[in-house]
Each structure stands twice: as structure tokens, then as C-alpha cells.
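Before any comments, here is the structure.
Letters A, B, C, D, E and F mark the chains in the order given here, with residues in each chain numbered from 1 onward.
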Amino acid sequence: MADTPLLPVRDLKAFDTADGAKPFASLLVVKKLLLKTASNGNPFMSVELGDRGGSFNCTIFGDSPAFEVLKSAGEGAVVRFEGKVDFYQGRFSPRAVRVTVVPEEELTAQPGVIENLVEVAPEDAGGLWTEFNTFIDGITHDELRMTVRSVFEEIGDAFRWSPAAVAMHHAYRHGLLEHTVHMARACQALSPLYPEVDADLAMAGILLHDTGKTIEYEGTLATKRSRRGILQGHVVLGYQLVRKAGLKAKLDADRLERLEHIVLSHQGEPEWGAAVYAATPEAVFVSMIDNLDAKMGMVQRALRQNPEQNEFSERLPGLNTMLLTKPVGKMGSSE
Amino acid sequence: MADTPLLPVRDLKAFDTADGAKPFASLLVVKKLLLKTASNGNPFMSVELGDRGGSFNCTIFGDSPAFEVLKSAGEGAVVRFEGKVDFYQGRFSPRAVRVTVVPEEELTAQPGVIENLVEVAPEDAGGLWTEFNTFIDGITHDELRMTVRSVFEEIGDAFRWSPAAVAMHHAYRHGLLEHTVHMARACQALSPLYPEVDADLAMAGILLHDTGKTIEYEGTLATKRSRRGILQGHVVLGYQLVRKAGLKAKLDADRLERLEHIVLSHQGEPEWGAAVYAATPEAVFVSMIDNLDAKMGMVQRALRQNPEQNEFSERLPGLNTMLLTKPVGKMGSSE
Amino acid sequence: MADTPLLPVRDLKAFDTADGAKPFASLLVVKKLLLKTASNGNPFMSVELGDRGGSFNCTIFGDSPAFEVLKSAGEGAVVRFEGKVDFYQGRFSPRAVRVTVVPEEELTAQPGVIENLVEVAPEDAGGLWTEFNTFIDGITHDELRMTVRSVFEEIGDAFRWSPAAVAMHHAYRHGLLEHTVHMARACQALSPLYPEVDADLAMAGILLHDTGKTIEYEGTLATKRSRRGILQGHVVLGYQLVRKAGLKAKLDADRLERLEHIVLSHQGEPEWGAAVYAATPEAVFVSMIDNLDAKMGMVQRALRQNPEQNEFSERLPGLNTMLLTKPVGKMGSSE
Amino acid sequence: MADTPLLPVRDLKAFDTADGAKPFASLLVVKKLLLKTASNGNPFMSVELGDRGGSFNCTIFGDSPAFEVLKSAGEGAVVRFEGKVDFYQGRFSPRAVRVTVVPEEELTAQPGVIENLVEVAPEDAGGLWTEFNTFIDGITHDELRMTVRSVFEEIGDAFRWSPAAVAMHHAYRHGLLEHTVHMARACQALSPLYPEVDADLAMAGILLHDTGKTIEYEGTLATKRSRRGILQGHVVLGYQLVRKAGLKAKLDADRLERLEHIVLSHQGEPEWGAAVYAATPEAVFVSMIDNLDAKMGMVQRALRQNPEQNEFSERLPGLNTMLLTKPVGKMGSSE
Amino acid sequence: MADTPLLPVRDLKAFDTADGAKPFASLLVVKKLLLKTASNGNPFMSVELGDRGGSFNCTIFGDSPAFEVLKSAGEGAVVRFEGKVDFYQGRFSPRAVRVTVVPEEELTAQPGVIENLVEVAPEDAGGLWTEFNTFIDGITHDELRMTVRSVFEEIGDAFRWSPAAVAMHHAYRHGLLEHTVHMARACQALSPLYPEVDADLAMAGILLHDTGKTIEYEGTLATKRSRRGILQGHVVLGYQLVRKAGLKAKLDADRLERLEHIVLSHQGEPEWGAAVYAATPEAVFVSMIDNLDAKMGMVQRALRQNPEQNEFSERLPGLNTMLLTKPVGKMGSSE
Amino acid sequence: MADTPLLPVRDLKAFDTADGAKPFASLLVVKKLLLKTASNGNPFMSVELGDRGGSFNCTIFGDSPAFEVLKSAGEGAVVRFEGKVDFYQGRFSPRAVRVTVVPEEELTAQPGVIENLVEVAPEDAGGLWTEFNTFIDGITHDELRMTVRSVFEEIGDAFRWSPAAVAMHHAYRHGLLEHTVHMARACQALSPLYPEVDADLAMAGILLHDTGKTIEYEGTLATKRSRRGILQGHVVLGYQLVRKAGLKAKLDADRLERLEHIVLSHQGEPEWGAAVYAATPEAVFVSMIDNLDAKMGMVQRALRQNPEQNEFSERLPGLNTMLLTKPVGKMGSSE
């Protein structure tokens, strides 16, 4: 990309006032961007820039060449930021010298680059996507399988990189794909135990239940809720995707209504976002598997992030407690 | 309809065991109908029949000619019921002699007949409907007005007789039309005071916000939630109606999304059924007018139903209290 | 048992006043028994008797020979009740002529007898118990397996007939065994998908999680909460059982503490009875499987109980809605 | 006021360590003032000073002449602050050189001065007050009108400058007057639509409903809850004001009790501060209009504060969401 | 009172259809009275009559002499009811022959009469009242003591017979006096342990905290909420009583405000009716003693009402459980 | 301890950048200690050190001699910290020069040392402990008294220094002992007023109710929840202690079960941690006294911490309000 070494945010934060005006370069995501007007009427922007290890704020005035670059790049863009060390109110807040946008192709071309910018699902995205397609192929009812296919043709790649949430579970790149594949595995394992559940319908419901999130969230690296996400929510957006695809695939009205119902009810309780309570065997089944894998996803991430030395994780909001991260039998108990 | 005088349920309940086997005839709504199988394998049905003044249960065996009549008529039908006085466990539970279905045309042909069968909105439905159409005509934005028109062409007459709720406010025939017209009046009165609200969009949102209820409820006389009502809910059903109509009327995408958002958010809180919180000036405005007229509708009904002698109404669940029904200044206070 | 045909409660309720004083005999469970004192100082009892199809109340005075029989038999006993048809306040309320206690052995000796008295799990209890023992044998860690064995030796048969709940899910004879086996099956199916979960510990936790219910509930046919159930609750009672067995089996302190934690946290939320939030991978896993199978158990029971003619079940409190009971694809949808 | 230019807080915050000890002067509100004792026994104070654009903390020791000036001025006073630039823990924290109190008359004498110190209602306070009096004059019932007049004579000017809340809606100077006038306008517009509401009583209730806030809040520029506000709350304080005025105006007992009831119930739910649930048509009507205008006030303020470039406002706690601030039809939707 | 023996309701309920038209006489409280209009326009009333042991409904037509007697007597009156045995829908529902009002003096003249009509506090009301006055005399601060005296002069006898609640704790005749005396005893016992609490102020607060209930409830035998109770609530009514008395007794403003605050905050949480949270040491102390004695009052009543044979009481809504009523050490535990 | 004066944290925070590299020494508690790994693979720790007046963070690298000292000392240790003044991101963050652990004996040997490190109960711990033992001696039932003795022999000294909570009430050294003695005093004062409460059982329950906290919390100076505290909670831990001691003391099964029940139910509501609702007179009594003294403890602490000049305390989360801290009658009210 360039010859100067690119410093991660962790290193930038190690600078102190003695380093004032030192030049540096970094590869950063535009995490937040607010346009403002100074009391003298001049425009400026307050921008938060960061990578996986942290972020900092900086103010850029309207007459800086970086102003227009960042304004048109927008939130979620990745930029090569060349600046000079500076501080504001005791915090690192550099002056921008030159800012250039780095296209997504360039990022994905080099291994490890995106992983340094944002958290990424631990399992390989390519492998997950292959497995995901196997689950689609395994649906035996033709129109149902075509309905599922049709939705993924419509939404395209977004499904592969989207996180499953902004803050709670599987909240990282590819998290949606990972969570969906994990649910599909659980569905396949449990279906034989609950014969009253139509396995095809449950599997189709699982594959589709969160597809509205590909519209609710936007930005491939700095995720935020889109206008449609705020005005409609992923439950209704997913319902709409499924309905359109089902009509196109000529899925029979009974199955289509049940499939739509799985999407509308999978959040469990209205106060968590469900449009209605689950009222078919398949909808109850899917919403319980969703809940199970969401919680287990929080467990898995806490285990990954906790170095072996600490006995417990930090308090996990989704579990309402700290998690014991030490493996079973490795050490004596507290008694 | 026939020559024997038709007795209302209130009179049927006045019979006592001394009247055993006395013949009678009544005009009744089939309120609930459950098919069952006796331990000997024979089919029978438990049916609840009633009019505005009350209801009673009766059991009809599979070999009675009334069995097939009622089974194919279904819940919500109106029947001429000829029976003989009988009691079961001390309660009135007549034997059916002859049951004939009365077609809806016949009911509406005679004034007062429907009013005796179910509670009806106090204002004249014809007048309300005329006024309703004036509100549609008052929408100045062409595609918006055409969108509204298109929804009402799609749902047809159901909107005119549907209640606004099964149990809470405006829960009576024509209640949905009445509630919507009352909200439209309030919208017209308040729009000049809140210029940040787009008056056309707010009015269109009000006229359409509850149209999903014409699908959520079924039965013109004995209302119950339909299969689609249970599996999708009126919020999503209304959203779908509006979306289809807006696309057909070529409404611009910005307005259509805002109109859909009004429908999706009008219930206020997710736990009351809103898909998302109101996030546009018009959506906030419509949800507050909905809330205001719903509460005032409970007040109006309690005032109508309370004879002048009692100072307070019964406890009203929607208001969490009894209502002081005595007019202002008519009597001294309690001090 | 005897020569007079024994009438089920459903038939008793078909009697009417014309049958006054007719003699009859029935096999009945003593569902509730309250001792009272009349204003003249004489003792009497109000007793509720019933079978699977219903129940009725009857008053028995202190000078009746049935009084002492029932008083010493107590709630939950099964009696052969010979009486004469009578009514009180319009309800069936027979006079007792002769009451004899039927020992449990006699009941289980004849197939179908218990099934007529109370609801019984649909799967065969013997088969479930065999499968249950296979799950115990499958635990590879010796002290863990011995801990599990030890608990079931301590509580004995009660585990095999106890319901899993008084009112919510699997609330019928053998329901606890059935629910536990269903959870063990799910555990076995899901363990390979969540390798961070110690499969042995999770399985042991599942087999033991509800064992406190064998003490919380008492009575093999008319279940009610025992004194210890009211004063301590099944979570603490189960914890105590597990702790005692673990110490006896010399289970290492780390595993014992984790196993106790599964029992203490399996209810999920403190307001549902959990002593603490689940804070180990195994405890999160077990509580989610418990929740999944509890909900699916409600679905299964609703499907069993709903004759094919009705499209929806009654409203199920545990699911907050009615359940669509018609099989997929059997009929067109509501559109 | 003086010859040195007075710098707003925004400019003070632009100083950096290089400006150390530079003299400056500002016009500031005393926002918070805490008296403390150092470990050596000497008194000092920690004081927060600010204007509309921000605030900073500074420590003033007991031997500084500014100490006594600020101690006797108290929270809410406006001072001319002359100081020297300094920093503490990296934050701006100047040394005080000379502090003088600026009397309120002087502030209001110069246009724009108060507007720079605190947020002010957008509508002209004089015009709102004139309109407010027209609403009083429009009450046709003599004793009712006299009761309203009497309350405003008692509380005097405080009503004109008080905010309607510390944090939620209309939380700025004149906000209480503005909110009350907006409600009165809505009342006038809606009264003809709800004839069961006594228009005079509803209007009187609206004009008086929040008058307790003039006692609950104190300080004209830095508002905080007063001792009486904490110990009694504005609902009870307003009730007391209305009761006293009604007795003085010889208002009939029936109307007085209903008027008091409007004040006691206008908050809607006990958990939001209502003493009782609204139980008269007028009380239901007033509490719903209060709710409507409170929410619309949040919308209006968010629209005012949001520069055109941002599509959505920040998350508004009172609406539980971000607000779409872009005008209808100005841009395409997100589709 | 009369020569025919007066039958309690328990005996009336023992009549069966064989007793049809048998004459009887009873002393009964008018518990509920609803005026209605028949479809033929004739007035009638539905009245609930009862004594301590139960109640029944009966319908009285406008042309019966009993109609006017009951209409003017109103709810809460005690009547001598002469009637003939009859049944309606299988329930006891006599025909009224002659109804005469029994004045309160006559009731209290004969020992045991009131105790048969309603539940009465177990402690002697005269003794409680004497003790109550000792607590007033014990207040050392003169104006505070005079304030307390003054309130009880104002409300008079009502305080001595009023229940402390309609449904929850101490919900019986003299219950308010009993509960207040119990709290005063606890206050006296605990004051030395919490010296930061002003003992005089806490005692005055306790004696006065519930005095608003003498206005909130009306009727000495069939208690119901009065118009002022519904429109203002006992918290505000008590505050008003205290304020008036304090001003009259020239209590200093500081103490009066604190005393009013105790009344306004004693319910603990706004959702339980507190106007504000307790914010003085005395107010926290009083609200906690109130809570303690309310719960202990439920315990005491459950112990009184439970015959020794049953181990547990019925489920007590205020305690969310059944109460173990067997004395300590009388029997072995359940183990 | 040493010759350099030991500076409290308050003085350390007064250093500014001009003092860079100045040497100092302090006596500090290790409040939090997190082991981390730098990107170059080297270990370092982030440690929070503090005394009663505040705390600061500092980073210590693996090659510093202080690293191993602190790692083996662990959280809760007291150290003599010799360092050099430094800042990070504008905050005080010194470099460690020499760190030595100070044994607990040395701390307690010098009066005032512990008081400077952490907040300590205002009453003398020795006196509280003597009084505590008098309450044990006062239990007349032998096995009950022996059960109580046995628990305190088991848990030893921890009970004397443990706080009663991490954050809410009596959250300071000796707080648990202080809170328990205060409850015992209240129990003694109130027992004669509630004769249905077994005084011995209630007193034993009070002395034991929170003993599980000696296991739930660990660290004598920097309290945190232990592994057992997180996995079982103090309610279950206390129950286990009581059960073991009761069995050892051969307490009769009835009393033991009731005593265990007091521990299991004392938190009042399941959502606050109670295993079951209080269902015996003693358990209701104890849980209400616990609640009363917890609230009064918050009042007492707020009064202690508030200098006389401020009329109100800060907002107290446990009381949901600010507390009026000015003594009664010292100043006029706000009117």
C-alpha cells in the first residue's frame, strides 16, 4: 500500500506530548462522522477513526483537503490516514495531513488486513458459506428450497459479511453467517427428536430468519442501523424478503404463511421485537434454537477473548453475570 | 321472518325448571362452536349462542338435523333457533328442534335487527362513511390519495362493519370506522398547530393505520381473530396492504416508506405490538392521536352505558379506574 | 375389583335431578380434602374427588363411616366410592355410602386403570426408564457417573412417576422422566456442535437438574407441593441431593461445584426461581435445552389433545398464544 | 458591562497548555457549587461554571476573594468571571482572579445575553404570555376563571421563565409557558370533537396542571429541584395551589374537586407521578393532550437542533429512538 | 329485635329446592346495590346481601315495598330481611317480603351482633383507643402534639371503625386503629435504636399517616371507596388533613413540611401510591414500619383464621405464598 | 514502617506535570489486577491501586521486579509502593520503583492505618462483637443456640471484617457485623409486640441470615465476589452452613427446616435473590427487619458523609432520592 509503516491505534495511543507534531500513518475505519458548523459559520467535522484495537476522535476543518475526502467517503469507509501527533484535553487527537480512501478490493487482497481493522468470526467464511449452501440443498420440498435460494440471490453478498447484531451476540464480521450455520447444525441434530416439527420448514425458517439484518445494518466495516432498519426493523424487512421470494417461487399459500410466521415470531417476545408470538410447532422450535445459539455464541466469544490467566470473564450483559472461563478439571475448585 | 315471536336471550334466561320442554324461537348469533367426539366415538358439538343481551351454551349431537346446519354455518352466522326449554347443571341449555341460517341481507333489511344481536357504534355508519371519504378526498398529494383509495378498494366493505378491537376500545360493529373518523377529525383540528407534521402524510397514515384489522378479525357478528391475524398480526397485515397499494399508485419511495412506518409504529411500544418505535414527526403524531381517541372512546362508551342513577361506572380496565359519569355541575361534590 | 360397573366422572355428570338417589360406584382420586368445623361444633370435610375426565365436590359429615376412611387416606389416595346421586346448588354432589381405599399395587396391576385416573406421559414409562439408564451409563467420568447413580438410588421410584410441573409443561404422570429423557436426547445430539461444553458434565447436569421436584411434589396421583417444596423449593432441594451424592462419590471439588451450579441456575432467571445466573458453559447450555424442551413439550401436548377438526388449540399460557394444530400442507392457508 | 471581550465557554475550551496563565473574562452561570473541607481543615469549593455552549469545573480556596462572592451568590447566579488559563488533569480548570455578580435586570436589558447563557424557548415569551391570557379570558364560567387568575397572581413571574422539565420535554427557559400554551391551543381545537368534555373545565385544568413546577424547580438560569420539590413533588404542590385559589374564588365544590383531580391525575400513571388515575372525562382528555404535546415538543426540539446534513437526530430517550429529521419529499428514501 | 329467629347466611345456603317458598328472617348488610331498567322500562334493582359468613344476590322489582326501603338505605346499611326461599339458576335467590332498616345504635347495643355481620379486629377497640391516646400524649413537642390532636378532632369516630384496607392487610372493622397502634408500639420500641430519627416526628407521622383513609373509604359495615377516595386517594387526603391541622396549631414550617412528607411518602413506591420517595430519616423509618406491620398483620390474620388441622393457610396474595400455620416444635418437620 | 512520609492518594493526585519523575511512597490496597499480553508477546499487568480517598491505574511490565511481587500478592493485598510521578493520557500513572507487601498484622498494629485504607463501620468492632455474643447467649433453646455457635466457629474471623454488601447498604469493613447487631437489637425490641413469632428462632435466623456473605465476598480490604459467590450466591452458601451446623448440633428437624427457610427467604423477592417467599411468621419478620435496617443503614451513612453545609445528600440509589440531611428544627423550612 505504501512505504511508511502503518501504525495500529494501540501504538498511536502510546505517543505522549513529547512526541508532539511527529508524523505517522495508519490504516483506519471511519467509525463516526458528524458535520457541524462553528460559531463563525465555518463548517467542520468531528470524526472518530479506529481499528480493532481502539479509536480516537479528531476535528477536521472545512478548509482542509481531508474534509471533502472524508465527507464523501462517509462512515464505514477505510482510509489511509497520514497525520501529525497532537493532543486535545489530554487525549490523542492528531492533525490530518493527507487522507486517502482504500477500496475494499485492496483490503481483502492482503490477508490479515481486515482482521486488524475489525473483529471477524473465528470460523473461515468460505467454509461456512459452502456448508450453508449444503443446508439449502438439503431442503427436500422444491418450492421451499427455491424460495430460500431466491432470497439469497436477492440479498447477495451482504449476508456473508454482516454481523448478527450491533452489540449483543455474534456482533462481528461474518457473525450472521456463522450464527445461521450454527443454528442450521442444531436444527439438523434436533429435528429427528421432534417429529411433530416439519424439518424442511424449520430449516428454511432458520436459514431465512435473520435475513432482514442485511438491510437493517449497513456498512461493511463500521456497522450501523440503516434508515430502513430504523423505520421498519429486521423482522418486517425479512418478512418482506421472504414473501416476495415465496410468491416468485410459487410456494403454496399454507407453507408461505408458516414460513413468514417463523420470521415474524423468531424474536420470542414482542418486547424483544417479535411481531407475534410463535404459534406453530416450527416457529416455537426455531425461536428456541435461536435463543440457544445466541447465548452459546456469547459463551464462545467470552472464552476466545479471555486469556487463560483470569478465572472469570468480565460481566457479560447478555448473560447477566461473569463467565467461569477456566476449563473443567484444570484446577481445583474454590473449596 | 316468521310468525312466532322471537324471544331475546334475556327472556330465555327468565325461564325456570317449571317451563321445561316449552317451545320457543329466537334470532341468535353462533358465538363459539367446538366439535368434539364422545367416548363412544359419536360426534357432537358444544355451541354458544347469543344476542346483545347475553348467551347460553347448548350441546347438539351428530344425529340431530341442527348439527349439519350449524357445522356448515360456522361461527359468526346468524340463525333462527327453534328449541325446547331445558336445563343442564342448573343453567339454561335448550334442546334444538330446528335451526335455519338467516342470510345477512335479511338482517340488514329490517331496522333494529342487527342492533339487537350485537353492539353497534352510536353514530350512523352511512354518515361516517361519507365523512370518511371526504377525508380521503382532502389529501392533496395525488399518489398518496390514490394509495389510500387503493387500500380501501382492496379491503372493501369489511372496513365498514369491523370493530376496532376484540375487547378494549371501540369494540363493537362499525367501531373501526368510527374510531378512524374520530382520529381524522382530530388530525384535521391539530395539524395547523404542528406545522412540522406533513398534514397529508399524517392524514393518510391515520386513515390506513388499522386497516390490517379487517384481516385480523373475521366474522361480521361474532368477531374472532383469523388465522392470518394470529400468525401475522394487524400491524404487519396493514403494512402489507399499504405497501402493495403504494407500489401500485407509484407513490415515491420516501413517502411510501414513511407511510409504512406510521402503520408499523402506531401501537406505540413494542410490547403493545409496534414493530418499531415511531421515528418520524408524522408517526409520533399519529400514535399519540390514536392513544388519545382510544382512551376517549372508552370514556364515551362508559358514559353511554351508564344509567344516570349510578355516580361511577364499573372499573374500566383500559383506564385502570372507575369513571365519574355524573355531568359537571349537576350535583354537589362529595364535600 | 368389584362387580358393579365403575362409572367415570364424565358419566356421573350426565345424571340429572331425575336420577336422584340412584346408586353408583366409581374409582376416584382424592384431589383435595379440607377439614372443617360446623357452627354446631361437629366436624365435617369438604372433599374433591375426580378422575382424568373431571371432578366434583362432596361434603362428608363426621358421623359417616366414610369420614375416617378418607381422613386417614388423605389427598392423593385412590378410593372405590359407592354413593347415591344428589345435587347441591345445581351441581352434582353425591352422598357417600361406602368408601374403600384401593392400594397402588392393585391399580398398576390392571392396564389402563391409572390412565383413566390421571393424565399419563404418552411414551411408555418402562422404555423411558431403560433409555434413561443408558444415558447414565454413557457418562465416562467415573465419579460423575457414580454421583448421578447415587442420587437416583436415594430418591428411588418417585422420579419415575412424578410430573415435571404442577401446571405448566409436562404436567402429568411420568412427565418428569419424559422431560428429562427428552433433554438428554437433545444434549447428546447437540454436544458435538458445542465442543466448549464438557459433555459429561452437561449430561450429568441434565439428568439431575430437576431431581428436587421428587421432594417438592408429593402424592403419586393428586400432586401438590410438599412442606419442603414450599419452604425450600426444588432448586435448593436438588442442590442438596447432588451435593450429598457428590461428596459420597468423592467427585472432585471443581466438578462438584460446577454440577451444583447447573442445578442452582437451570431456571434461567432469578424471578423464575434460579438461585444464580448460569455462569459456566455447561450451565448456559443446560438451561437453554431445558427451556427448549419445556416449550416443545407444551407444543406436543397441545397437538395430542386437539382433535383434528379444530384449526387452533385453546390459548396456551406458556406460549402466550393459540397453537396452529393443523399439519403442514394438509389444507390451504387462510389466503 | 466591561471593556474586555467576554469569551464564550466554547472559546475557553480551545485554549491549550501553551496558553497557560493567559487572562480572560467570561459571563457564566454558576451551575453547581459544593462546599468542601480539605484535610488540613481549610474550606474550599468545587464549582461548575458554564454557558449554553458548555461548562467547566474550577476549585476556589477559602482565602480567595472569589470564595465569598460565589458562596453568597449561590447556584443559579450569573457572574462575570475574570481568570487565568490553567489545567487540571488535562482539563481546562482556570484560576479565578475576580468574580462579580451580574444582576438579572442587567442581563435582560441586553438582547441575546440570556440566550447565550441558557437554551430559551423558540417562540417569543411576550407573545406566548399574551396568548396565554386570552385563554384565561376565554373561560366562560366565572368562578373557574377567577380560580385560574388567582393561581397565576399567587405564583407570579416564575411561570413565565420556568422550564417544563429538568431533562425530558420543553426543558428550557420559558418551556413551561410554551408547553402550556401549546396544550391550550390543542384543547381549543379538540374540544368541539369531544362534547362530553366540559370545555371550560378542561381548559382551566390545562392552564393549571403544571403550576406546581414553579415551586418544584428553583433558579431562573440553573434549574434544580427545590426542597419542596423533593419533599412534595409538583403534583401535590399544584394541587395545593389550585385548592387555595378555588376556595378563595368560591368555586363550587363539584368543579373544584374535578379541577383538583385533573392536577392530581395528569401524569397518567402512578409510576410517572400521578396521585390517582384519571377518572373524569376532562382528566382523561387533559392527560392525553399533555402526553401528545410532550412528545411533539421532543420532536420540535430535535428538528431545531439538528443541522440539515444529518439524516437522523441522536437517540432521543423520550422517544426511545432516533428521529428522521429530513423533511418529507426532499430526498429519495433508502430504497 | 324480633321474635322469629334470625338465620345467618350459612344456614340460608343450606336450604334446597325442597324448601321452596319457606319463610325466613335474617340480619344482613346491603353489600352492593345496582339500579337497572328492564326492557319494558320498569325499574328494578340487583342487590347483594350478606353477613360475615357469606352473601347472596336477589332481584327486587320497582313495585315491591322493599324497593324504596333499600334504595334509600343504600349500600352499607343493615336490614332485617324477611323473605321466602327461592332459587335462580340453581343459586339461592330469595323473594323479599319485608325489609326494614336497623339503625346503627341498635346494632352496637347488643354484643356480638356486629361481629356476626362483619369481621372485626381481634383486640378490643376501646382498649386500642385508650392506648392510642397515650401515644398522642407522649409526643413532647407541643405544636406537634396539638397538630395530631387537631386531626383526630376533625375526623372523629370514623378513625375508630375504619378498616386499614379494602382487600390487603387489616381489612376489617377497627383494622385502621389496630394497625396504627401496632405501628406506634413498634415505633416506641425502635426509636432508641435509631437516634438519627426524631422520635416525636416519627410518632406523629405514624399516628397520622393513614388518616386519609377515613375519607377514602365510606360505609361502616360495607366499605367501599368514596368519590373523594377515587378522585384524590388517601395519600393526598391525609396530606390535606395534616396541613390544615398543622397551620391551625402553628407548627413551625420545617416540622410541618417534614410531617406532610411522611404522609406523602409512606406508601414507599410511586406505583404503590407514594407521591414522592421517602427523603428524610423519619419518612424512611415510618414507611419501613408500615411495611413491617402490614405484612405481620397478614400473618396474624392467617393464623387466626386457620383451624389447627391444616398445616398451611390458603395462598396469601400479600405474601405470594401459603403460610405455615403450625406452631414451632409442635410436630416434626417434613423430613 | 519506613522513614519517607507516606502520601495518601489525594496528595498524589495534586502532583502535576511539573512534578514529573519526583519520587514518592504510599501505602496502598491492590484494588484490581489484570494480567495481559502485549502484541510483542511480553506479559504486563494493569493494576489499580488506592486508599480510602481515591485510586489510580498503573501499568507494570513483566521485567519490572514489582511485577512478580504484585502478581503473587494478588487483589486485596496492601503494599508499600515507592514510585516516580508520571502521567498517561493526562492522568496520574506513576512508574513503580519498589513494591513490598505489608502483612495484615502490621496494619492492625497501628491505629488509624486501616481506616485510611478503607471505609470502616463507625461503631467499634470489638464492642459490636461482644454485644453479638450476648445475643447468641440469649437464645434459650439449647440446640438452636449451639447451631448458631457452631456456624460462627466454622466461619471464624471473616464475619467480623466482612462488609454487608459490595455496593448497597453497610458496604464497608465490619459492615456485616454492624448490620447483624442492629437487626438483633431491633428483633429484641420488637419480639414482645409480635407474640406469634418464636423469639428464639427469629433471633437465631437474624444472627445467621447473611453468614453466606463471608464466603460470597473475599479479600479483607478490596472486597470482590469469590468463585463460590458467583456460582452459588450467599443465600445458598448460608443455607449450607446452617444445615451442616444444625445437623451437628442435633437441632430437631422442625426447627432446622424453619431456620434454613429464614436464610433461604430473607431477601424477600426471588428477583432480589430469595430462593422462596417467606412462608413462616419468623421468616416474614426477619425479612422485614432486614429491609428496615438496610434502608436505615443507608440513611445513617448518608448523614455521616454529608458535611453540614449541604441541605441534601447526593442521590442515593437505594432510596431512589436525595436525603434531607439537615437536622429537624435547625433551620426554617423552604416556605
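Just so we're on the same page, a residue touches a chain if its C-beta (ideal position, glycine included) is under 8 Å from a C-beta of that chain, and two chains touch if they have at least 3 such contacts.
Just so you know, these numbers come straight off a predicted model, no measurement behind them.
Looking at chain B and chain E, the chains that touch each of them are C, D.
Using the average of C-alpha coordinates as each chain's centre, E ends up farthest from chain A. Looking at which positions face the partner, chain C and chain E present mostly different ones, since fewer than half of the interface numbers are shared. Farthest chain from chain D (centres taken as the mean of C-alpha atoms): C.
Between the CA-based centres of chain D and chain E the separation comes to 44 Å, rounded to the whole angstrom.
Averaged C-alpha coordinates put the centre of chain B at 41 Å from the centre of chain C.
Along chain E, residues 89-91, 227-228, 230-231, 257-258, 276, 279-280, 312, 321-322, 324, 333-335 each make contact with two or more other chains. Listed by label, the pairs of touching chains are A-B, A-C, A-D, A-F, B-C, B-D, B-E, C-E, C-F, D-E, D-F, E-F. Contacts from chain A toward chain F in the complex involve residues 8, 10, 13, 16, 87, 89-92, 307, 309-312, 321-322, 324, 333-335. Chain A contributes residues 182, 185-186, 189-190, 192-194, 196, 198, 201, 252-258, 276-282, 284-285, 288-289, 291-292, 295-296, 298-300, 303, 312, 319-324, 328-335 to its touches with chain C in the complex. Residue ranges on chain A touching chain D, taken from their complex, read 34-37, 39, 88-91, 226-228, 230-231. Every residue of chain B that touches chain A in the complex is listed here, in rising order: 227-228, 230-233, 235-236, 239-240, 243, 257-258, 260-261, 264, 269-273, 275-276, 279-280.
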